[in-house]
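We just call them A, B, C and D in the order they show up, numbering each chain from 1.
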Amino acid sequence: MSAGERALSDAAEAAAVDARLVSLGRVRGMGVFLVLLGVVTLMAFALGVTGGARATFLLSTPPSIDLSPLVMSVRPVAIACALVCGGLGIVLLVRLRTQGSYLIFSAGFCAFLWAFLAWAARGNTLNFVQMLAETMVAATPLVYGSLSGILCERSGVVNIAIEGQFLAGAFLGAMIGSATGNLWLGVVSGAVAGALFGALLAFLALRYGADQIIVGVVIVAFCTGLTNFLTAQVLTPDQTTLNSPSTFSPFAVPLLDKIPIAGPVLFDQNVFFYGAFALLVLVHVTLFHTRWGLRVRAVGEHPRAAQSVGIHVLSVRYRNVILGGVVAGIGGASFTIGSIGEFSAQMTAGLGYVALAAMIFGRWRPFGALGAALLFGFAVSLQSFLAVLSVGIPSPFLSMAPYVITIAVVSGLVGRVRPPAADGVPYSLE
Amino acid sequence: AGAGASTAPRVAAHRAPAVAVPHAAKHFLACEVTDTGGINDRSFNASAYLGLKIAAKAIPGLSYKYLQSNSTSDYAPNISTFIGEKCGIIITVGFDMAQATQSAAKKNPNQKFAIVDFSYTPAMKNVLGLVYHTNQDAFLGGYLAAAMSKTGKVGTFGGQDIPPVTIYMDGFVAGVRYYDKVNHAHVVALGWTPAKKRNFASGAFAGNGTFTNDFTNQALGKTTTQTLIAQGADIIFPVAGAVGLGAAAAVKQAGPGHYMLWVDTDGCVSAPQYCSLFISSVTKGIAASVSAAVEAAARGTFHGGNYNGTLANGGVALAPFHQFANKVPAKVKAMLNKLKAEIEAGKISIDPNSYPAS
Amino acid sequence: MRLELAGITKRFGDLVANDGIDLSVEEGEIHCLLGENGAGKTTLMNVLFGLLHADGGEIRIDGEPVRFSDPGDAVRRGIGMVHQHFMLVPVFSVAENVVLGFEPVRRLGFLDRRRARAEIRRLSAEFGLAVDPDALVEHLPVGAQQRVEILKALIRDAKVLILDEPTAVLTPQETEALFTIMRSLVAAGRSILFITHKLKEVLAVADRITVVRLGRVVGHTTPAETDEDQLAAMMVGRSVELVVHKEPARPGEAVLEIAGLRVVDDRGVTVVDDVSLDVRAGEIVAVAGVQGNGQTELAEAVTGMRAVAAGTIRVGGRDLSHATPRRAIEAGVANVPEDRQSDGLVLSLSIADNLVLNQYDRAPYARHGARRLARVRADGERKLAEFDIRAPSAAVAVGTLSGGNQQKVVVARELSRPVKLLVCSQPTRGLDVGSIEYVHRRIVAERDRGAAVLLVSSELDEVLALGDRVAVMYRGRIAGVVDPSVGRDRIGLLMAGIDAVAPPPGGAKGESP
Amino acid sequence: MSAAESALASPSPPGTPWWRRVLAFVTEANVAVVTLLAVVGGLVVGALLIIVTTPATLHAWGAVGRAPGAAFATSFSTVGNAYGALFAGSVISPSALGHALTTGRGWTGVFTPISETLVSATPLILAGTGVAIGFSTGVFNIGGQGQLIAGALAATYVGFGVSLPLVPHLVLVVLAGAAGGALAGFIPGILKARTGAHEVIVTIMLNYIFLDLLAYLLTTHPLQQPGQSNSISQTIPMTARLPHLFGSTLRVNLGLLIALAVAAAASWFMRKSTLGFEFTVIGANPSAGRTAGMDARRATIAVLTISGALVGLAGMSTVSGTDFFLSSGYGGAVGFNAITVALLGRNRPLGVVLGSLLFAALSTGGRYMQAVASIPIDLTTVIQAVIVFMVATPALVREIFRLREAGAGKILLFTKGWGG
């Protein structure tokens, strides 16, 4: 190869950019933050308690095999955590490399959390396992929502309508599940409801080139109004037959449910939970390892390129947007027949938007979104435990915790995201 | 809390068998303006609406309708819309609407109003304020819960940290503590720790407790309840309207040995699918008092003023045990009746701080 | 395989992009399609490739009429296209891009990446298209990206290969490599439709030449029977000055003084390393170098677009080391950015607005925070004439102009205010001879007016034609500052990081990273 | 483009008779026509919903075989009643008018509906304009609800906190409202600019945060009403209330004028001001803006702050225009309707004003419709949604109603995607 070629390869090295790497500034920020957290831990949780204060963490609930509860003396634990947290912060600052910085940061943050929980549960008992279990439950609808978002946006269609599809799925799921007394029919009809609005989005955005965000926003408004209206007009007059379905009850996976901690947390949930994780793996694998996925991503990144190799951009998008609707619809059904039973107006409480946040936060990757969902779920579970442990924080502040944490993480750790290049861009042949 | 000067239970007096009085019979329109909770909140909006229905059954020719409020800004226009509709009486629901109701009542002295969960001082001629001393029956509920608890822990949580809610929780906690005192037991009430001294204006919290800060998000109710159960409670008392359904779902999921007390209405009537979980319900006679007010208005016997629902006048009560009729020990039942009498007679305190917390 | 286009007509609204174009490509020939910006070359190729549907005329393969409803059809009939604007997914690996739409799969549609790699390696070897199948396309220099595009066509076994302005973004070395590939392809019995603006190249590789103007064929010819001037005249419809006339520079005092400049990208990698360079009033310093060796970052640093890690930048005595773009502009630095579409223009806005993009808030275009739209428009119309920008009016969106005219808008904006230092990167990329002539004249005129000019170009001809001095960059450092008279080869070697005296280390294989 | 503009822009050669030109105009898919047909479409969908959910009509349709006439008759009367009420409750009630004309009294009754419509349009105009400014700069502000609350809180505090004569007090309250919203908009702005946190996430989260903050402050001194243990704020004094425009009984107040002024100013700002131009450029192509010496970060912060300030004014307009106090039920859907209205108005202040009036009319009329015909007010949300659907897809409307492709006045509706 000519010298020129060599120069090119060097040039290539020089020009190489890894979009996934975080900037050094951010690493520095994380380091400083951890150090501060360490100090806080020391001040508040270590010195802020009476010497003898003990905290008890329950590590096992039925059905898992019995573990003796973990009894900790708060102060030493807090001091240890403070050291770990601050130490890792310093590590970040001195090595100042981007690789693995997230890992180190998460470790440090967990140390802080542990100290915080110990402090919160001082002189008291914290059911740690159940705390994790509730994290999972709270995360489940978010997983469905963000997967729906990923399916759509990876193919280049922004789906802001998730909240609406949630509502539709929740409504129809409850109504059919209740009317027929068959929960599986409820799931199916939830999926259908979601698919319908997915189809509407696809139809208006793809066939008529309507702005995807506008259509999305309006679908939410439409679903909100429609479900409110039908609840008042149809469900309420006939509550017992139309709006009191039973719910999927959790079933324990034999043997696995015996595993301490993991058992009750992961293997004693209801079908929507297992479904979410199955779907998660499925979407990940198909998206990144199959022909279908390759083509979907190509369409989402560079539709003209996809089209120039004979891929039918619009049909790929139609398929994905409707699939996304199905997923969101099922997620919606989980609000009613997977949890509460009856449908009540606006019961999804904006979680569709939170799911959207989880998707962006997770950088349009299934497992990234899972991480975001779990974080949010943990915050939800945490705040309810703190409330019951009555740590003296005014309850409105407890309930804003999940949202504050999300903002902190998104601005502190995630930063600028890179959506699929053609996301939201209408596509036409000529 | 809310111990307003209890005027004679005037309204209750009219709850005799409803004989259709001719001159009232031709046409009478009763109207309700809901607060933002909506007509289907399984709480005071729904109860008030039930009141209208009851009145309609009692009085031929009485028709009723409601207007939904979606935000604070809707109250005034909703009320004036109904005034325009020539409603015989307008029921407004919730303290949120106190101001709107008051100004509307001042502007239209001949328009009859009744407002749920609020009482005016000084009382107004054309407005009947309906308030309920739910800490009285909640006290009984607390005692019952403590008596029925196997784990020695019971839990409560509220929809929001506001008196109509926390007054329930005060009574509940008081009942539990009273149980401990008289039975030398150590049942703990999770979810609400009333402050020694109540002083709202200063901004100090009226206690420290668990709230969903939301009367509609049932999922949150479920999470909260699961948390209470996880922390050992086996009997839950949600004071959060429809959010209570989330609690019921959680209790059901927690399986045998976990029960709850419903709130506001008799749970076995308003949420029958969960009747098997309800030891009893701590009710608040909104429906009864509203229908009484409407009927009074229809019959032309309406007087403004304030109505205080108490155990004595049946304005608040502990609902039947239904499926627990023979699970609740006779001893406990007897005790509850005794307590009821003593509370009516004002013989025992229902202030949680008059008993030690265990 | 023999390809014929007969009377192809394509309209966009009332604009006729192709007007009854006839063209035929014989087996094993390189057929050059030549034409100025907006002549309709790309449009014609898109029609041929099934991306656009002709309003008239027909396509014949070996005499048999065919209809391409989409590129899939065209590919099936053995037509491959390397697009002017690459059709590559930046975040995909080379292998993924190459096999896209043509994926080898295992059971359940799982991608068979191993087979894809093997296939690519085979073709690479066969036609000397060095490229690493696992590299991310966005990390590759354009030359390599081009090879990926060619591989895309080859793996689909294209008989006729369309190359739309493939050399517009290539360095001399890359261009040479491409020609070698093209020759080996036609040797293997494939035929090539080759579009370019560069007459030298046409004469170098073409078997036959077709020239189009304003959507019409203006003539067929062969290298043997024509020369550059004749071709230029055919393209533009008038005679064109191909050599830049400029008097020897009369440099004044230094305007731009760069000392020990170090620029670090946001990952901490040093991209400009200890660079010191002066540009004096009335001289053009051309910076040559392979894409990605720091010359872009150098220009960005000078124009305040990129932070400076160490060293100083002074313009007219003022320290601009840590200046914002705005302060650079105020200091009299004009900037013709490398990528006009993404950095130079707002395609959705009108020409008039784009012409005042860095003046919009100053007199005479604004008063007390209010824009004077009437004035903006009037001036826009004036500059349209002055800089001979071909557009119906200054009110039309810049996006509707062809490449050449878009570049003229940028140049017009930068040169229509007092300028101390003119920084232009790849100023004639993708432009036709007519526009190139114009832009070059403008740059020289600016120099003669007494401005200092820093010209960054990977276009060796341009460097040699315009530069009074040539600074060659390699891996962020200045490999040498030479007089243009030293000639292409010496400079080419410097660009490749090889000092002319040292023998080129041969046989280095494999494309990184 | 604005409807007004497209009306002028309808292309037809000079010298064609006026009626031809009118005909040409009404048969082409220009903004005015499409919007009108969208409204029709929305009402049709609403009518169908009424018919399929009202027992009486369902019953009639069940027996359509035997008495088809009855089915139609019932449907018509039901829908007729509902929409009659919708109109009477939002624009003018014929009966009231008749009564007023005959007796010469009760004129306020005649004007009450329109006044109510204007009242509920006021916050929509303000908030919608705010969101629109964001959109036209490629910033998607879903934080309307939060900024609304922030503005309302600030206005309330200043309202009861300070005591001044009417004019200065009002000015202060208005400024406070704007400042509150501006702060709530500044947060996502600075976060996006400094850390790249996406404004969609941050603004959504802030909505919940402000809701909880409100809940907290309402039970806390000094906001909470003295002697009141409920979560309800102090009432603001007369001096802090926006004066009514037409006497005490009609609630339409100074807020409306403020809203219109703001809309006009915004229109000028986006079209003529240098900062507005900077916003447009950075919205369309940030890197080009940067090359031209614009500061994209500063612009992002400025846009979100201004956008927030306008939404904050909306909050102020409700507190000191109609409510006079805050409670946990504050806000409702204004924050989200603002987005829909902005889109309906195609991110143009003039459009936002018209869109707001339409939305306001539907919801005030909806209230009356529920009171008279017992049709749940949520129906109007559905109608509103359908309208925006159709406005957003002119091509669809063109197909349904067989309109010609519009020359000028063609509808261009766009937002930017995530933009990264």
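Note that in this section contacts are C-beta pairs under 8 Å (C-beta built on N, C-alpha and C of every residue); 3 or more make two chains touch, one makes a residue touch a chain.
Treat the numbers as computed from the prediction; the structure is a model and nothing was measured.
Between the chain pairs A-C and C-D, more C-beta pairs are in contact across A-C. Chain centres defined as mean CA positions place A nearest to the mean of all protein CA atoms.
Chain centres here are Cα averages; for chain A and chain C they lie 43 Å apart.
Averaged Cα coordinates give chain C a centre that lies 48 Å from the centre of chain D. Chain B and chain C have centres, each the mean of its CA atoms, that are 76 Å apart. Computed from the mean C-alpha positions, the centre of chain A lies at a distance of 32 Å from the centre of chain D.
Looking at chain D, residues 212, 215, 376, 378 sit in touch with two or more other chains.
In chain C, there is no position where the chain touches two or more neighbouring chains simultaneously. For chain B, the set of residues that touch two or more other chains comprises 68, 161, 205, 213. Looking at the complex, you find that chain C touches chain A at residues 12, 49, 51-53, 70-73, 75, 81, 83, 86-92, 96-97, 100-103, 105, 108-111, 130, 135, 138-141, 143-144, 152, 171-174, 176-177, 265-269, 271, 290-294, 474-476, 492-493, 495-498, 504-505, 507-513. By the touch criterion stated above, chain B contacts chain A in their complex at residues 38-40, 68, 155, 157, 161, 190-191, 193, 205, 208-214, 216-220, 222-224, 226-228, 230-232, 242, 245-246, 249, 253, 272-273. Across the interface of their complex, chain B is touched by residues 61, 125-127, 130-131, 133-134, 137-138, 231-232, 236, 240, 244, 247, 249-250, 335, 339-342, 344-347, 349, 380-381, 384-385, 387-390, 392, 394-396, 399 of chain A.
Against chain C, in their complex, chain D makes its touches with residues 271-275, 277-278, 280-281, 284-285, 287-295. Chain contact summary for the complex, chain D toward chain A: residues 49, 53-54, 140, 142, 191, 194-198, 200-202, 204-209, 212-213, 215-216, 336-337, 339-340, 343, 376, 378-382, 384-386, 388-389, 392-393, 395-396, 413-420.
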